[in-house]
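In the two complexes that follow, subunit A is the common piece, with subunit B as its partner first and subunit C second.
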Partner chain A sequence: MRKNSTSTKIWIILFLIPTAAVFCLLFAVPLFTTVVSSFTKWNGMEPMKFVGLDNYIKIFQSKDFLTALKNTLIWAAAAAFIHVPFGVIVSLVLFRKRKGWKFVRSSFMIPNMISKTALALMFTFIFKPDVGILNSFLRGIGLEKWTHNWLQEEATALFSITNIWLWYAALITLITFSELTMISSGLAESAKIDGATDLQIDLLIYLPLLKRIIGTGVVIAVVGVFKEFETIFITTNGGPGNATMNLAMMMYNRIMNSSQYGYANALGVLLLLLSIGVLVICNKLFAMDKED
Partner chain B sequence: MKKKHKAGKTVFEYAVMLIVVFVALLPVVWVLVSSFKTNKEILSSSFSLPTSLYLGGYKEALSKVNIPARFLNSLIVTSVSTVIGVTIYAMAAYVLARKNFIGKGIIFTIFISSMLIPGNALLQPIFLMMVRMGLYDTKAGLILVYIGFGMPISLFLLRSTFLGCPKELEEAAAIEGAGFLRTFWSVMLPLAKPALSSSAILMFLGNWNELVFALLLTSSEKNRTLPLTMKFFTTTFGFDYSAMLAALVLCMLPTIIVYLFLQRQIMESMIAGAVKG
Partner chain C sequence: MSMIVTLSACGSGAPAAEGGTETTQENGGTEDSGNSDVGEGGEITFTYLELGDQGTGLEDFYREVVDDFNNNNKGTYAVDVEWMQGSSPDYNNKLRMLNAADQLPTIFDAGGEISLYNTLKNNGRLVDVKPYIDADPEWKARLEDDCTEQFIEDDGAIYMVPEAAMCPVGIFWNKDLFAKAGIESFPETWDEFWEACDTLQAAGITPLALQTAGSAWTSMIIATSYMSSSQEGIDFMNLSFPETYDTPEFREMMEVYVKLFQYCNPDAIGGDYSLAQNHFTNEEAAMMINGAWMMETLRDTNYSPEGFEQHVGFTTLPGKTVVYSWNQVGRVISASATEEEIEAAVEYMKTLSTQEHVIRYFELTGGYSSKVELPEETYNNLMPTMKEYADMFKDIDHVIPNYQTQWNSIILNEVFTTDLPALVQGSIDMDQFIQIMDDAVKQYEE
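So, the complex of A and B:
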């Protein structure tokens, strides 16, 4: 190791300071505050009052939390078992490079480019009971009795807003596709010569090779829905009742409407633990940490 | 038999492609078309084409909210945070990749760990801090937060690029008498251009669409950003659908246009960001 000269040392420090400052200000200190205050009663005005695990106990006893947790987990499952597989299937289909595949890929990206907010707002129109296209369509084909006030009825609200993100898996498609292009085509060709069908090639050759990228996709998707806030905020605000409440939405409400910072931050800690949990589980499941 | 199987597969593949295009474009196209309809037309039939190119919705939307001003706010906040962010992360990434000093690995790991923290979990402490620092309802406050959001992914992308640069170049620069700054600026930075643009694109996109912190950290019209406009319209317009749809089009059009021009770069950045992160 070569010794750095004094001036180099100074430069090294100068180059690190801005990033270190941003890190402290926006991650370290807030995280510290979140964790510490989660053990206190705090409204932001008066000093924190230490209450031990009270917030956590209250959270786990509250019905609201159990609903929010249930919805969060339903979304995590939908992300892992529908959103990601759909994205992977689309990428395998696109990889056949049938006519028009580039157009399909470009189109698929558009909902991912416009914000979640815009997408959610669009869907509030689709789901409107009177003028929404979904109900108009159902009426048009004579299925009047299937029409609903999609976002306002307890039975349909969660299902409806799930569809606002569920099928927009362009990021998953994109990363799987780029991984596919890196797999040597020789494997697939020699399998074809041996008489393998395309489906067999997909399932037996490509899918195992895609394991790690699918794992990455699951982490991105699941951690993404844990944080999902805009979609709910724009459409239902968590309602009707608590039907579409999730942890992020619940946290926002506690901060904005009731200044229960200790309680809200305990929810934040739980959110953080859930995200780390998913990462650890996926690492194990998809063997993502192993080099090959 | 085999032929039949093949035809079935082709049908399946085209069916998937068709569904994807339908799911992706239908809402956008419907909103675009309907925004040129009068409120009455929208209410009477959701599928019909506009009878004439009605621009009243756009006029109404623009008179209710100063959309160009908000667009400008978004542009300022997002560009400034992206430029500052990419610059300081490039500096840190360079040092972390190319220089030897004690604690280098630990510092990098700590910086990168910020990736695990969901921004929402820090909502309240950041809000409080901004109020205390006098940055509540300022563009500077929002810029600061947006700089932070780009940290883990930019550091990661830039560091791995700097790690891959050949050592000889740096040595040659040293022999030529280039100092620390000069080597960084004229030798290393140009080599990292692809990673710099990927980081910038990812940061820009993420922050351009950000809603929660913008909502929480700004209150006056002069600091409101574009995504907030959409929230505003859901609460304000009630039943003036053509104005609401027009506003929605105005909010998403810039993004779609930029996307159509920079498609390849955007896709590459997203792949790099997702896979390396």
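So, the complex of A and C:
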């Protein structure tokens, strides 16, 4: 018996070695380098020079950082309070399996199958000031004065970029829908017999049972917008001014335009801490770490 | 008549500048040269990253040179080219990434962005090619004296070898649209230029094809050419990496910049180079600045209507000014190359400057050498716009350096892309913009 147990442990270790090696090589080592270099002045070519907390001090003194952080947090809030609830609502509607629900489900998925780059380019054309669909539509219905250079005016740029991803919540819908199918149909049927309306069933039965998967959805969505880069890079590059700048874009600029790897990596560390913070908060709020 | 190009005072700079290199392709994809046999049979093969510049004559020219080099050096040397699709900033970013991974190609163009060149040079990433130039008097004689002198660094080394011919930036103008507005010739002074813009606009024609994205090539060139209006302006433009932009000349130039946007399509704000080019080649704008490398686009029906090139003129910017710098294109060799690869790459550099290739360079891109006589037949066969370009060289009063070679990469790639739209639309005022420029100087110096 003891021999068997030792042998099993050896096999477990053997099977884990490749995964652990890949993890160390592709994740742990770069993460360690990122954290270490965030305390250095480093241009990627010369040896790193230790500067303590200088990069972090500079970051917190930078107006650009505060704007980028504000924008990042606005997107995080939009993801948590609009994107995820919208995805959950769609899944609840689809779960009723009314006529054509499969078509709606597939259609809702399509934008998620398009690459972010293509989607961003598509919206660049939609938001074009002269021939864009949005302005053409507004002109067509006599609302000429509502037209804008949507992606390049400070007042509209952030709002416009947000709308590029905000409503495409198919991933949230999918995971929620899959969770819904796991819930015993008996619960809803009993409630119906007791006279509960569909809305009451959703609010009082399904939503509490979906709490943890919604928490997972919030983590996925918020961490996703923390990392958002392609959409901004393609549409506005963070402008006009800093109107659409976020932390990921700021990191890119520091590396590409001034080779400030230490500074950029300090931003990366802050981004990582933000993501961990979201994970911890969601764990608590949605009781994701508790057993059934 | 045989035409001898004599413009020793004028520098070169071929088209690594944004206008010449940005294409309509949005991605930064790459294409292999297809030379699958290179490197075989004991040949010394070296790598070369070049911008696939679809729609202009640049790519055609470099492909010809590469083919000639590989054919003439079969069994000895072979160049393995990666044709990268994308814009000049994409190209520079790719070089940055390759450099970070210590995987720079043997030979590449480091002239597009001087900040990058300086970083590579200061960190010992480039080969000193001066001994090779000194060892080959014939090659040295083919290079413009001005440029070789300019390229000698403080340590006496030469790291960058420019093209053997120059490609100044002037202005393309649509003669038909000007005629429709009742204007017979291109304005020579700034007052006449603004008057022409007003007249075109009054006739329902958009005067200028502009952009703010990238490094704002099509708009910033016009504005910086305005600096030739005063000696102080010229002096400012000759400063490499100015310490401050808070000068009367720069302010005045930026006022001109803002004014330009009264005369363009609304999507110029935030628009990129390809958008500006499309407006011009689709006759939606009457003027666009660029170098002669855009000539091929004018007769390429993928970009322009049939016969478009017949009614497009090319001339100097107001004040008989053109814009260029020798170092806007310059090939360098990576220090990580082996001695054999370095020698092979030097041979490739020499091939670029042979008389035959300099003439082809002129035909395809407008590259002009003071050391090579342009055959009469070549001149006679040029399309009308190219003839105007060639004739323009007799009538240049001012040469303003290309701002891309004078200002730092944060300004070019970050401030311009994000803050020029804000300035033009009035979200920030001139004082704020200049403060942002000066902050970018400080940040770059850090």
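Methods note: the second predicted complex is superposed on the first by the 271 of 292 C-alpha atoms of A that agree within 3 Å, B and C clash if a C-alpha of one lies under 4 Å from a C-alpha of the other, contacts with A are read in each partner's own complex, and residues count from 1 in each chain.
The rule is simple: a contact is a pair of C-beta atoms (placed from the backbone, for glycine too) under 8 Å apart; a residue touches a chain by one contact, two chains touch by 3 or more.
Bear in mind the structure is a predicted one, so any value in this text is a computation, not a measurement.
Contacts of A:M122 after superposition on the shared chain: subunit B is touched, whereas subunit C is not.
In the superposition on chain A, A:D130 makes contact with both subunit B and subunit C.
Applying the stated contact rule after C-alpha superposition, one finds that A:G44 touches each of subunit B and subunit C. Applying the stated contact rule after C-alpha superposition, one finds that A:Q200 touches neither subunit B nor subunit C.
Shared-chain residue A:S190: touches no atom of subunit B or subunit C. In the superposition on chain A, A:S258 makes contact with subunit C only, not with subunit B. Contact with subunit C, but none with subunit B, is seen for A:G239 once the two complexes are overlaid on the shared chain. Shared-chain residue A:Q152: touches subunit C; no touch with subunit B. Touched residues of subunit A, counted separately for subunit B and subunit C, are more numerous for B.
Comparing the two complexes, residues 44, 117, 121, 130-131, 234, 255-256 of subunit A contact subunit B in one case and subunit C in the other. Contact residues on subunit B toward subunit A in their complex (touch as defined above): 5, 9-10, 12-14, 16-17, 20-21, 23-25, 27-28, 30-31, 34, 42-43, 45-47, 88-89, 91-92, 94-96, 99-101, 107, 110-111, 114, 116-129, 144-145, 147-148, 151, 155, 179-181, 184, 205, 208-209, 211-212, 216, 227, 230-231, 233-234, 241, 244-245, 248, 251-252, 255-256, 259, 263, 266-267, 270-271, 274-275. Of all residues in subunit A, those touching subunit B in their complex are 1-2, 4, 7-9, 11-12, 15-16, 18-20, 22-23, 25-27, 29-31, 33-34, 37, 44, 89-90, 93-94, 96, 98, 100-101, 103-104, 106-111, 113-119, 121-126, 130-133, 136-137, 140, 167-168, 170-171, 174-175, 178-179, 197-199, 213, 216-217, 220, 223, 226-227, 229-230, 233-234, 248, 251-252, 255-256, 261, 264-265, 268-269, 271-272, 275-276, 279.
Interface residues of subunit C, counted against subunit A in their complex, comprise 26-27, 93, 96, 99-100, 115, 119, 123, 125, 212-213, 265-267, 269-270, 409-410, 413-414, 417-419, 421-422, 425, 427-428, 443-444, 446. Touching subunit C in their complex are the following residues of subunit A: 43-46, 117, 121, 128-131, 149, 151-154, 234, 236-243, 245, 253, 255-260.
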